[in-house]
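Two complexes are shown next, each including subunit A; its partner changes from subunit B in the first to subunit C in the second.
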Partner chain A sequence: MRRGSLDSPARKAHTMLPTRSRISVLVFLLPPLLVYGAAVLFPILQSLVLSFFSWNGIGDMEFVGLANYVHMLTHDDVFWRSFLNALGYLAICLVLQLGGALVVASLLLSLRRGRELVKTLYLLPAVISTVAIAFLFERIYSIDPVGLLNQVLSWVGLGSLERPWLSDVNTVLAAVSAPEGWRFTGLYMLIIYAALLAVPRELEEAAILDGASRWQLFTKIRFPYIRPVWITTTIMATTYGLRGFDIPYLMTNGGPGQSSELVTTYMYKTAFTSTDYGYASTISVFIVAECLVAVGLIVFMLRRKADA
Partner chain B sequence: MKHPLRSKLRRTAAVAAVAALALAGCGTGSASSPTNVSPSGQIVPRQISWLLSRPADGSVITIMKKLADDYAKDHPGFSLNLITTPDRPSYIQKYETLAAADKLPELFDTDATPFAQQLAKQGKMMDVNKVLKDLGLYDSFRPAALDYQRFDDGSLYMVPMQFELEYFWYNKSLFQKAGVSVPKSLNDIPAMCTALRKAGITPIALDGQDQWPLERYVSYEPFRAAGPDYITSLKKGQAKFSDAPGQKAVNWLDALGKAKCFSEGFSSQGYSDAQNAFTSGQAAMYNIGTWELSSLATDKLNAAVRNDIDFFTLPTTPESVTEANEFVSPSGIGMAVNAKTYDPLVADFLKFALTKYPAEYAATGALAPTTNVQTTIPANATPLYQKALDKAKDLGTKQIMPWDTQLDPTSNTRLQQELTLLVQGNTSPADFTSTMDSTIAQNAPKFFK
Partner chain C sequence: MITHPAPATTPAVRTAAPRPAPAAPRPRRRARPAAYRTLSRLLVVIIVVAQVYPLAWLFITSLRTEQDFASGNPFALPSALTLDNYARAFAVGNLGQNILNSFIVTMGANLLIVVLGMMAAYAIQVLGFRLSKLVRGIFLMGIIVPVQIALVPLFIDYSKIGLLDTYQSMIVPLAGFALPMSVYLFSSFFEYIPRETYEAASLDGAGPYRIFGLITLPLSLNTVVTVVLVNSIFIWNDFIFANTFVLTEGLKTIPLGLQNYIGTMGKTDWTATFAAVCVTVTPLLLVFLVLNKAMIQGLESGATKG
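Here is the complex of A and B:
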């Protein structure tokens, strides 16, 4: 099929819009655009400007050029530690959210009864408040008094693994990432499940008649079909993961030491505890850049795969 | 001094605080000089605000509300708007953000931190030394209560609203069971912990989540070895952790960690977890101040341990330069008076409230910041209550300033993090020392120019 033939109906519809309608579309688009500019673009620009200054909030602002960036990238061990932690946090969240969602959604398709109940149960954590989740998991991980996780480990004979999960520097990052992953698995499951439902039955039946295995059916038919939705969910989950803040902040405040410090919690402390607003803005600019790069990479990789 | 608040709640509030920084109730009086303590003009009643960090149902707020109501009877149109954020870290964020926006209300709470000192230097706070003298109240205050509020240069910009003494509470029967006695020296504590652990007892209950309780421990050895000057030099980068007093602290904390003095997983235990561990008879020691007297020295205390509880003050060391009657005796977060909004009304209300406040406060069973009133012992108190209050009569001239009010905020955050790692055995004393010395060298100059 020629590419132009796909585009032309849309273009035709566009040119067919009477001038009056075009103006009204613009008029209706303008207010949200202004709101977006004021609420999103302006603060980002403001942070960018502030990141070139040293300012403690009450003294004079001092222009320092790129000094904040140089310090962040070359001298700040806490920043790099929190960046690596954030990547670990992201990886755990993505595996739990996307991997978990895909598995559950696929299993859900083969379920004959009770789909609605399972869907609701999986979605439930997404509607519980973050604070409640943090409280809940803090109790689950506790060792004194013994929490659920340690209790279960001792019941199944793995007592040697019992530990204060949130105080152990080796386990705390996974321990604060898991609740965030668990929380949104249901939400992504729902999106992917909806996409899987839209896969045409006749395509699947044709593949089965041709002797495709369940795995081939998934990799050759279903997954390529849901790829656009998969890209969107991956972008959503990645950007949420990179901006993760509340659960680690509430559960450990980044500790012990910097073991569960994320770039976001570090930025928050730099701004509101250290009152180093210039440097905090530098970190926030990094977070924006990091999210843009991540989205770019995802789109690039998945598009290339689709074209291959 | 910090207040009993579940740390989860405090962080919850912190998360909310990001969105809720806009605050109403800021006065718009004419600008006044920090030393002009008797502004001229008429008293025009209006609403004034106090941004504070105290328990919402605590005595300070209850009393000040009552006094404000009494004052309003003679000054129709006057009211006191109390905006409290009991959780300290959230409060500090709110107060510093408002200070940055130059929107602080007539009265606001602050410790004698480097940030507050910068505000004072910019002429944003009234000289409380002069205010109290002008009101004729200065001499009634306990010197220790005023000293706690002073900056390093001796200047005074905050009014103390309370006075507390911090003790080591201990369980006599658990001590007996483990065959240990009250430590004569700080250096005895690690061995004591080992003995208690052998007897299956948690030696010390500690709220690790809130950070400041562990930070108290780092201040003890240097205060005994070098007096109060060590921290005032350390925070400016003039003294180092690698100096002898600092090394004493580092090695002592390392020894406390190795002797398993604190419960497993202490860093994720909160204020009430720690207190419960002590009052339920699981932990043998608990380091806390007289603000917990109503929980530890009244019939509210678990009957099973009530007769076993006693306390001792901070032990000395063989080479101690400070006396046994010198320890942590904070007068709590102070009340600062905004210079910009100080007018005849604020001055008159302060005179009214501060004159009547100490008697009302002492009647609640707490130690007042002044010496001209007698604390009323509650009817349900155990004999320990009186004993705890009596120590206030025999205090030395020096006191330990909590380090979290002294260090610049970035070094303080790092110290709190590294202390947990040191006590948990995740970092060595040498690494701790070099990390902290370089952190302070990097951040102190910005705050102590």
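Here is the complex of A and C:
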């Protein structure tokens, strides 16, 4: 601080070190920026450029202006179908991940012992690869030989619901979404649990003394307190949900028909099966835009509620 | 799977907790929470069983005989235990090679993520510069960028410069997309290193490089563990980059290798497949079980700080 005062005021505010050279900043900053630029920033720009071209990877690139975007938004039924599917997939993931996480985290608070064990067990599915999870759920959903889900249904007297979950067009979307939700509940539960632990005890006790019910305690004290963390986890879960790809791609490859096609799997097939790089880039630009809009909406909605 | 017990909790929370009379809050509050606690304990058990059962079933299936698996109740305990499936799993695929490849990719990407993430956070948070806020923002933006955006451009670039079908083709994007979170975690940790620590070191004549090596690096070992563990899970299991950029058998990582078990002839050898899954999950699972306390703590503090 005392030495820093010799510097310009602007610099004093930025740095924690009394002495540091401009070169040292570059030495530390350039390598990470290079890798980040090469893997993330530059490809984003490339995709943006490619989205205005028609290109099959071999011939000449042909500039088509906004034609790809116009086609995607006005003529491509598969795209819209996959977009609606992606929203359904997202909804199921959010309910399972955030809803499940909040419920389990709240329950965990009332346990005296075994919290660590529950946390570890609950996080376990996050360690398993999506390929393994796809195998596992293929067996859970199967009807011949009868899988876990159909077996449970027939035991509890809901045998009429038994079906091949992955080849039924009405259930396939839910069937490919559930594993993704299941996989990461533990992660979000941990984060929310930690946030709930940080709610000051005095605040809760004061509310109880004032006659607050458990429900009021939750809605009036705990939830407002963890709202910033809730925003973070909602953003995480939403952006992960929107980029969900592995499990639908592996289990059904978007089928039967387009009933479990997501924007991501559609983009992947457009790029690497139809080798339509231009149009695939258009779709991937859409995926990024979708994520940005979603984050904007979440921040807008949850912040506004906090102010109200 | 978890939703079934979930809706029941809201009414339970409501009914189990009538408002205690303000005059005598103590005794009433003792009695009710006991019932509430039993109920929630039961719910936790049900939820955890539903959560973990599929994994237990996977493991049990890997020890069943093929006939036992094909004919019969999926919930039944195996009539006989066998390790044949594991023998077949190793005979069919390239499990050894797949595991080695996954190790190389995970190590390489983690090294980049930790070293580069720490360097960027150090430049932004400790050294500081005029545009540091902007650079930090550019890094943080990466947290929400979906990986799909990079697939086509990287595929094109890689085939131009001959990087397609190499370890680097997986390591670079895996590291690049994980860097934002790493920068975020390191820079939120660096905020907590008091300015006086740096001032004292500076007075002793240490420059930015020595301070990085002698103070910042050793202090952030806990964050390093968190970053490595969390990223290892994602990298070890990465499917999309490997599936896009790897073309030959010899470079296939575990997720791709597992796909070999899906029957090319129409019939899948499920028990061997599950044996292979168990083998490939084991390394990560062991690390996770040994270090899960460190990881859980890191995750909790990392997320709640933000």
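Brief remarks follow.
Everything below uses one rule, namely that the second predicted complex is superposed on the first by the 276 of 308 C-alpha atoms of A that agree within 3 Å, B and C clash if a C-alpha of one lies under 4 Å from a C-alpha of the other, contacts with A are read in each partner's own complex, and residues count from 1 in each chain.
As a convention for this text, a contact is a pair of C-beta atoms (placed from the backbone, for glycine too) under 8 Å apart; a residue touches a chain by one contact, two chains touch by 3 or more.
Treat the numbers as computed from the prediction; the structure is a model and nothing was measured.
Once chain A of one complex is fitted onto chain A of the other, the partner contacts of A:Ala39 are limited to subunit C, with no touch recorded for subunit B.
Touch criterion not met for A:Ser82: it reaches neither subunit B nor subunit C.
More residues of subunit A lie in contact with C than with the other chain of the pair subunit B and subunit C. In the overlay built on the shared chain, the residue A:Ala212 is in contact with subunit C alone; subunit B does not reach it. Touch criterion met: A:Trp182 reaches subunit C, while subunit B stays clear of it. Once chain A of one complex is fitted onto chain A of the other, the partner contacts of A:Phe135 extend to both subunit B and subunit C.
Of the two partner chains placed by the overlay, only subunit B lies in contact with A:Leu166; subunit C stays clear of it. After overlaying the two complexes on the shared chain, residue contacts for A:Asp246 are found with subunit B and with subunit C alike.
Of the two partner chains, subunit C is the only one that A:Leu292 touches; subunit B does not reach it. Of the two partner chains placed by the overlay, only subunit B lies in contact with A:Asn56; subunit C stays clear of it. Shared contact residues of subunit A, touching subunit B in one structure and subunit C in the other: 57, 130-131, 135, 246, 250, 268, 272, 277. On the subunit B side of its complex with subunit A, the touching residues are 8, 11-12, 14-15, 18, 89, 92-93, 96-97, 99-100, 115, 118-119, 122, 208-209, 263-269, 273, 277, 408-410, 413-414, 417-418, 420-421, 424, 426-427, 443, 446. Interface residues of subunit C, counted against subunit A in their complex, comprise 1-3, 6, 9-10, 13-14, 16-22, 25, 29, 33, 36-37, 40-41, 43-44, 47-48, 51-52, 54-55, 57-58, 61, 70-75, 112, 116-117, 119-120, 122-130, 132, 135, 138-139, 142-157, 172-173, 175-177, 179-180, 183, 195, 198-199, 202, 207-209, 211-212, 233, 236-237, 239-240, 244, 254-256, 258-259, 262, 270, 273-274, 277, 280-281, 284-285, 288-289, 292-293, 296, 299-301, 303-304, 306.
Looking at the complex, you find that subunit A touches subunit B at residues 54, 56-59, 78, 130-131, 134-135, 138, 141-144, 163-164, 166-167, 169, 246, 249-258, 268-270, 272-277. On the subunit A side of its complex with subunit C, the touching residues are 1, 3, 10-11, 13-22, 24-25, 27-29, 31-33, 35-36, 38-44, 46-47, 50, 57, 95-96, 99-100, 103-104, 106-108, 110-112, 116, 118-132, 135-137, 139-140, 145-148, 151, 178, 182, 185-187, 190-191, 193-195, 198, 208-215, 218, 228-229, 232-233, 235, 239, 242-243, 245-246, 250, 264, 267-268, 271-272, 277, 280-281, 284-285, 287-288, 291-292, 295.
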